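Following are the structures in question.
One chain, chain A, links the two complexes that follow: it is found with chain B in the first and with chain C in the second.
Let's look at the complex of A and B:
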């Protein structure tokens, strides 16, 4: 994974999109700052939606720019959390920054973004350090350490918050907005802070993409080539703390972790490449951020965080259900079509067996014989014959199923796979002849031509399976049923390839 | 600037106001608050012991967040804040959470930790979104922050439950005590089953125990405890107490019976110390109880670390002598 991952680093695609993202980020604050000041008035939902897309309100521009950048930087960081299986670290850290926010506010009793940023970052790093310390010095596992940091720091934060509320001027501090987020309360400073953090994250990820992906996927290999793995881990934690702290104002303490994990998990379901995952995750995060700002604005200053998270969750559910490769629908479809193919091949095999029982003297198998062979009712046998007919493998006339050349070939192949595998298991794996059938029943549908060639070679082009039945060879398959009449066909002994 | 803010911020410690008066002058408030704190902490801690063993410490966190969605949806359907309606909704939400985590984890390649995070944050977001939508329509005022970190001190102000003409105490404390009693009886009655299924699923299966039944039974107990705790003290106390007391107990003992006893002891200590801390600092009692509980764990952590270090020094001294 690591080497193939590295080779794909320098592909143009992700980088092009990254440059695009960078442009958006750099332009967004300008664009927000250039807003004209309009007064906000009460109006109905449709009017507000129109106002949203007119981008007239300066607070709206800040909110939208901030939310989208938040989505980008959380999406980028979340990708590393998800591939490093640190998803809950994001949750723990987002709760752990709360006392830092309170202390930052206490610094000079204002919501100075910088002071809060510094305080919260320190608290976040302290939390990450505590997790590491608990893991190193006690027998407690990662989840307990994370839970402890989450709960104790959050508890301390709550205490500090309630103490602040008792102070003169603390009541209208607006610190409660940190719980669930209010993008509308984003100021120019907050948006600038978000922009700086997002650019920093993007630059760090681009500059050290190779190192980060290597340490994420194969830390042992990274250590062996002399990379400072711990340093990269802590730099990621620092960036994570930055992302969380910058996002607090817009999305809230409780839901930052959702913005970190959900877009990244959705991207994880859609691609196997880290670069692509980063890009998709950033795009999903940005979209969710924009949607959150939109709903919050249209619904008259509803909290932004929940709507952002619900938008992201909708993306995740879509990816979970309809992802092209790992989606549930795609997998269900694949399983279904595989089951249908197996069913068809089993019917073909039964037809072969019926023909074989008659020394291949008859043209086709009667439905009655087929039903008996498969231990099914006539109707079921008929519906399966129809199924074969639909795939041009057999034709059904006068209650008799005769194989087409195509069907004959496939039937021979399946029987050959089955009997070769039985022979292989008895000869090479020393399994008793009466125990090999079940295994062969499964493998006959998945053996590829290459494996069959190898098996044939290993078994010296044997002609009879452990039960003394003929193994149809390549020549038999090519010549068709008539060649096997009276079992004159000799498998590999006759027309097959020379050993 | 900082110094002056700090001096106003942290009130002076006064023995009589912080330690004596709560038990003399404000006895009912102190008593019921501390008792509530103890019941919640002990009930959560007892269930948490098994979660810790199963490495599911954060599932409690997940359930306690997603329960909010259950409460709000139950309210929207039945239009009442009746405790049993809320209870049903919350319990359903708890089960939905567990099932969703398992579904995402089994049906996709998303790892369990991410599955937990996705599930509870989405459900919590749904809860807050619905709540704020209700609020903006003016139907009801559910305070999201109150739900999160609750106010345990309010339990003492509830109208007391009257039984046979006598005032028994605030109903939520009585209910919580009942929950604690039920949990205690359950643990006593099914001690062996709970222990074996937590430690060794293979052995428990071979002994004929249904591991899935015990797993979901534990989840149900967890959901019930969280719901009742949630009603009065908020999510954060419940989450913290699912994790911290068991960690404290596990730090001090490797055996289950002492751990259970230590959990209860920790619950008593942290509720009393936490309450006095909140009286001194004039802050949220639930938050202060969490802080006290965490400090107790840190004490145990440092204490065991020091004794380990001492023991190692002793043995390392002994080695050269033997050599």
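Let's look at the complex of A and C:
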């Protein structure tokens, strides 16, 4: 690690945050490289993958178990952060623990997990307290307070770390793992700590699910029924600090917040129940943890954190794309099938218009008439007729499209919806007759039968639209085409009630 | 503070809500001055006043959701903390995130949480009560919907069902008629009257003067201080309304401003 950045820091003084941040940015790639350029393995990737799944290596077992457990507890805590809109709190806390890690190390100059845990937790809580203090005593909102705590604590941590690197003696190796995480460096003690934290988190969430969900959703109501809302908030922050600190060595300070936010955010895309979101988020976190450990092992000593986070991000993107309800693919598919249905219904409507023009005396519409009606080529008209055939709405024989009973019914419904809506807009909403067509073109495809019944009643069961054309009623739809012979509009009939 | 004295109605039952010399300040800026109230049981009471009069503040302060500068509150003769299980609360609809991943049923069940111990799961009877309450506000068909997929009126009914599930004796409602459709408004007022006829006491923050006269038997006229409290026929007078809405209380708000400037 370079010490020039550190000298900059010491000189920096009051310029503070800007210099600190710049140093972090400059140092970051060097640390990442330091973790990566370790001896490059000769054995090929497949061999290492096989070794991974053999689970022979004890250090590998620790790495895998630790990574998966951290995924679970981060997933659970992250869910509460996301639904409370505190996602950035995870970011601030994870950076705030860094000075605590350094002080924990300085305690007896060893990487004692417990000392580091205690130091980091205290620093984290101090950070959370500072956020609260700034919010309560100044006019700043949460975001500015979080930004301040994140940068200043992290800066202090970097200073302490560079100081430690320059100190003589002590076993300093592996301290840099706290920056980007190295699951392979997890020892028995670290995994034990992760296990304790994970169990504690699980128990707390299971036992106080009702309290945590209510205080997250409606804290005023929670207080009105006498729940100690503050206590639950702080216990959540404490559990959060535990989760972050226990995960540090595997994911690293910089990316642990991603393990809090990303699995939970992915779960939120897939469900609208808190319980389900907790379960999904824990599963996603666990999967991402396991995958991070795998890639890190296969790639030999690659930093674990980035791979975990990338795995979690992949899950998020998958949820975004392929989520069953809100996913982009599902939405695209729904839009497409809706567009196709609209297209079919428009063809049906044109066929009805052709039949109507002939006063319903012909069996079907010729392709030529249909093409003319729709202002299309014969080929296009033919492909649309085929499309109707595929959906059993019409049959195409000798260039004549005849509607099946099913097709006739849908065609009548669409025409009826269109004309009812036009009539409604002109009669009830006093909109000019030449303004209503465009609107009806859209509404005709979405009107439900309930709306139609209401409209019919509202319009006094009118049989003629504003242009004097017949509005096919239920009876007409049932009896079929031949019943409508001789009903073609003879002039402007108006929308009078049936006799 | 004579907080220990048990004041009550003439028949000896403690009064649902007694407020004595209550002063509330936001960021050191007083918004309510020396409120005194003794609310008789079994009434449907409207809290009306202009914007910024402290209507919501009053009911929040009663429940201890806001720190008070002075004064005390008794609920059925005891402190709020001791008797919070006898109070039902309907917060303003905008106070929660409607994208929160809970169903309508989950929210109504929250009304039962006050009756449960810490870490205790809702029991079968709680679910039944929640179902009944949803039925009462005609929201049972929506029980499994996520709450964001509801109209404003439906969301308000869910909040009301949650308060019903609390099975309380005193209800505090913050603007339950805001943003609801006419049908919901009629349904809600019918429900409130039904609760009243069962001897419950209801305090409802309301912003619409036109309907206030028709809806409530008693009114609290509020404008940073208590202007009047009494039966609607007594206090819904042009003079009282003029005092509440028209005359800006310039001295009170000026003092508030200067106190705010000092701190």
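Throughout what follows, the second predicted complex is superposed on the first by the 389 of 499 C-alpha atoms of A that agree within 3 Å, B and C clash if a C-alpha of one lies under 4 Å from a C-alpha of the other, contacts with A are read in each partner's own complex, and residues count from 1 in each chain.
We adopt the following convention: contacts are C-beta pairs under 8 Å (C-beta built on N, C-alpha and C of every residue); 3 or more make two chains touch, one makes a residue touch a chain.
In this text, all values refer to a predicted model and were calculated from it rather than measured experimentally.
A.B. asks: Kindly classify A:211 by the partners it touches after superposition: chain B alone (first), chain C alone (second), both, or neither?
C.D. replies: Second partner only, chain C.
A.B. asks: Is A:227 touching anything from chain B or chain C once the two structures are fitted on A? First, second, both or neither.
C.D. replies: Once the two structures are laid over each other on A, A:227 reaches chain C alone.
A.B. asks: Does the superposition put A:179 against chain B (first), chain C (second), both, or neither?
C.D. replies: first
A.B. asks: Would you check which partner chain A:140 touches, where first means chain B only, second means chain C only, and both and neither mean what they say?
C.D. replies: The first partner, chain B, only.
A.B. asks: Between chain B (first) and chain C (second), which does A:85 come into contact with in this model arrangement: first, second, both, or neither?
C.D. replies: So A:85 meets both chain B and chain C here.
A.B. asks: Residues of chain A touched: more by chain B or chain C?
C.D. replies: B
A.B. asks: Contact-wise, after the overlay, does A:326 reach chain B, chain C, both or neither (first, second, both, neither)?
C.D. replies: first
A.B. asks: Which partner does A:303 contact after superposing on A: first (chain B), second (chain C), both, neither?
C.D. replies: After superposition on chain A, A:303 lies in contact with chain B alone.
A.B. asks: Applying the touch criterion given at the start, work out whether A:268 contacts chain B, chain C, both or neither, answering first, second, both or neither.
C.D. replies: After superposing on A, A:268 lies in contact with both chain B and chain C.
A.B. asks: For chain A, give the residues common to its interface with chain B and its interface with chain C.
C.D. replies: 85, 268
A.B. asks: Show which residues of chain A lie in contact with chain C when the two form their complex.
C.D. replies: It comes out as residues 83, 85, 207-208, 210-211, 213-214, 216-218, 220-227, 268, 271-274, 276-277.
A.B. asks: If you look only at chain A, which of its residues touch chain B in the complex?
C.D. replies: 82, 85-88, 90-91, 106-109, 134, 137-141, 143-144, 146-148, 150-152, 154-163, 166-167, 176, 179-180, 254-255, 257-258, 261-262, 264-265, 268-269, 299-300, 302-303, 305-310, 313, 316, 320, 326, 328
A.B. asks: Where on chain B is chain A touching in the complex?
C.D. replies: Checking each residue of chain B against chain A gives 1-2, 5-6, 8-9, 52, 55-58, 60-61, 65, 104, 107-111, 113-114, 116-118, 121-122, 124-129, 132-133, 136, 144-145, 148-149, 236-237, 239-240, 242-244, 246-247, 250-251, 277-278, 281-284, 286-291, 293-294, 297, 301, 304-305.
A.B. asks: Which positions of chain C touch chain A when the two form their complex?
C.D. replies: Residues of chain C touching chain A: 60, 63-65, 81, 84-85, 87, 89, 91, 95-97, 100-103, 106-107, 110, 113-114, 116, 118-122, 146, 148, 162, 166.
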